[in-house]
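Letters A, B, C and D mark the chains as written, and numbering starts fresh at 1 in each.
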Amino acid sequence: MHNLSPLPQYLIKRYHGWKATSYTENRAWFRRLATEGQRPRAMVISCCDSRVHVTSIFGADSGEFFIHRNIANLVPAYAPDGLQHGTSAAVEYAVAALKVAHLIVVGHTNCGGVAGCHAMCSGAAPELEEKTSFVGRWMDILRPGYERVKDLPEADQVPALEREAVLVSLENLMTFPFVRAAVEAGETSLHGIVHDITEGTLVQAEDGGKRWVTV
Amino acid sequence: MHNLSPLPQYLIKRYHGWKATSYTENRAWFRRLATEGQRPRAMVISCCDSRVHVTSIFGADSGEFFIHRNIANLVPAYAPDGLQHGTSAAVEYAVAALKVAHLIVVGHTNCGGVAGCHAMCSGAAPELEEKTSFVGRWMDILRPGYERVKDLPEADQVPALEREAVLVSLENLMTFPFVRAAVEAGETSLHGIVHDITEGTLVQAEDGGKRWVTV
Amino acid sequence: MHNLSPLPQYLIKRYHGWKATSYTENRAWFRRLATEGQRPRAMVISCCDSRVHVTSIFGADSGEFFIHRNIANLVPAYAPDGLQHGTSAAVEYAVAALKVAHLIVVGHTNCGGVAGCHAMCSGAAPELEEKTSFVGRWMDILRPGYERVKDLPEADQVPALEREAVLVSLENLMTFPFVRAAVEAGETSLHGIVHDITEGTLVQAEDGGKRWVTV
Amino acid sequence: MHNLSPLPQYLIKRYHGWKATSYTENRAWFRRLATEGQRPRAMVISCCDSRVHVTSIFGADSGEFFIHRNIANLVPAYAPDGLQHGTSAAVEYAVAALKVAHLIVVGHTNCGGVAGCHAMCSGAAPELEEKTSFVGRWMDILRPGYERVKDLPEADQVPALEREAVLVSLENLMTFPFVRAAVEAGETSLHGIVHDITEGTLVQAEDGGKRWVTV
């Protein structure tokens, strides 16, 4: 393994600032979290997008949220085929090992992944249909969502598909036997929200996703 | 899709607090980011663990980091097999579409995923060997790392494996043709660090991972 | 006085969120409360336990409840001996100065203080018998309650003692001449409840504590 | 024990509202907290005053804060005399059993207890000097604070004494051997703040209480 570079100085400086302030002020708590293990109350599944940090929106402090982030906050359907499923592994760990009380899927507006999915499904981005496109194959998860929005007026399709990215993921979560069991036993609950990165607003799915209501 | 629950009140309150302070103070910048698109300087690949938020450690502000988080901050090897690879999709998007300048893999101590991998590979957790274990199959990625640490003294193996989780991922990143090309063209650089969640310290890999040096 | 630390950042952020929302929305009322003084309708005596916030259970708004919280929601008997009695001072202030209409003692299940008292009285925790144990000496208040439950079946003793912690406190409240006078004049009333923190239920004492009825 | 009254209907209604909403939405978490025990990050010592609920100011959710509330947020000095010390018991439980990472003393403006202490010490309230006055004897804890403010201009004395109520308590906390040991070992930290209930502002003690800085 060659080709390793030292961390850029601006990050080293920020890290030292954090170490001298936040870490020092919270050392006792951080040590307890390390010794006794984490006990996060919720798992959050959100997008990798650099403009959507739920740690900010929800004021997350150390130990509160178990956070999985992938392109377009997607969860694939349950498929115990012995292959590598990073998202499914994260869900399994959160529900079976950590026993989180909430599973929160956080979508957002202006999502590049969702826009790519729309372009692909509507024929505008054939390169994403190629077998070798990782983004294309990942966005295949959202194809059922596209089917539900494709007859809407043109301008409404992408925003609707951003909400579908949340709903499809929630539906897929319920295909995992251990998630379904935990939800039905009242041990965990499902939540779907979409964050508008322009206006800072938040809507949440109600009535099984038939309505989206401003929080 | 039934079984949807409203967001817990404590999160709604925190969100409203964020909206009235951070969002309001940064509205102009957030709107520019929304209109013009994100342009993150770095991609960070880190663990879902609730005790490791790089947004804290590096004081990440909106728009700075494209963050993928999965169990044990792992990257699988390049496999353009047409199947769903969430991590590979995130890497592809970051490098090919966003052209990030840095790819930073952030491991951490006390990692539940790494501990599980060690237990599995050393025979102590046969349930993780089952085909249906998503965590087990995901941790298969780290098996080559286990081979390199298994002859160390018992107490050193898990800490060494936590570092291997970073090195294996960096090695796998270089199997992606577009990553290799970008690295070799000097368009992006690779960085490997491990965060000690007890002491708040940070070490980074040098000499291709042969040495780990305190930052 | 050295050894003072700045408030952790996560609390500062939450405070700023509260200031920008709840405070701002209620500024006029908060200012009136400040200028004209508090006029709480009830005094609540409850446990310090982090899982029992009567402000949540009863939706308490600013100005409504005068709240004293101590280990196991105990009130000692009247003892005008010139020594420091924090609980008695709080009761005196609530009844004599604030003239609250209700005195509500709120017990709860899974109470660490009550469990400690049971262990101490049954001989399982001799360290709590030591003169220097503040928790032990404080739980002495509940010894008469232990006498009334010690012959119950083993599994029933601690739950019964949690209810005794409420009843003993109510009995002790009536040993304060000013409380007795206010109760007998119909100026204040006594209430005893126990909150089940697992099921969220509430029972209240009736018939002088002979029966506990779900609210 | 006669003289028990049923809970007022308005509280029963609010409780049922809480049960049907907040409890139901958070049942899984509440059950986990009940089963696994509380692990609060901080102990807060604040006043009984109905206008100062730290659960609001800091957006406290279930499980986060171990809260002791007494008149004027006072902590007496360490006195292992075998007598009943409710505040000392709460501190002992928080530090020795729960191992909280922060001890936060929260004072406030317009404090009736502090005003009473000032009146007593300045000779304006001889009734508080009587042996039988529980409030008077409790406020004796703050006499050393009065000595430090009595030569200030008249109008500054009570506000300064409100801050002394925090500082004296912090000083007294350090007289407890187990608190001092925990602070010196970096296992817990001390914080002093005063909340202005009129303006909603917050100041914190710095430089060992020599300066108070707006948060």
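Structural remarks
Heads up, the rule we're going with is that contacts are C-beta pairs under 8 Å (C-beta built on N, C-alpha and C of every residue); 3 or more make two chains touch, one makes a residue touch a chain.
The structure presented is a predicted model; accordingly, all values stated were derived computationally and were not measured.
Hopping across touching chains, the smallest step count from chain B to chain D is 1.
By the residue-number overlap criterion, the interface of chain A with chain C counts as different, with under half of its numbers used by both chains.
In this entry, chain B maps onto chain C through a rotation of 180 degrees when their C-alpha atoms are superposed, rounded to the nearest 5. Taking each chain's centre as the average of its CA atoms, chain B and chain C sit 46 Å apart.
Chain centres here are Cα means. That of chain A falls 42 Å from that of chain C.
Centre to centre, using the average C-alpha position, chain A and chain B are separated by 14 Å.
For chain C, residues touching at least two other chains, in rising order: 5-6, 8, 13-14, 17-18, 24. Taken as a contact graph, with one node per protein chain and an edge wherever two chains touch, the assembly is complete, since every chain touches every other chain.
Partner chain B is touched in their complex by these residues of chain A: 1-8, 11-12, 14-15, 17-19, 22-24, 27, 30-31, 33-35, 37-38, 40, 43, 48-51, 53, 55-60, 62-71, 74, 76, 80-94, 97, 102, 104, 109-110, 112-113, 131-135, 137-141, 167, 170-171, 174, 183, 189-193, 197-198, 200-202, 204-209, 215.
Touching chain A in their complex are the following residues of chain C: 5-6, 8-10, 13-14, 17.
Residues 25-29, 31-32, 36, 39, 41, 59, 99, 101-102, 186-189 of chain A touch chain D in their complex. The part of chain B that touches chain C in the complex is made up of residues 13-14, 16-18, 20-21, 24.
Per the touch definition, chain D reaches chain B in the complex via residues 21-22, 25-26, 59, 61.
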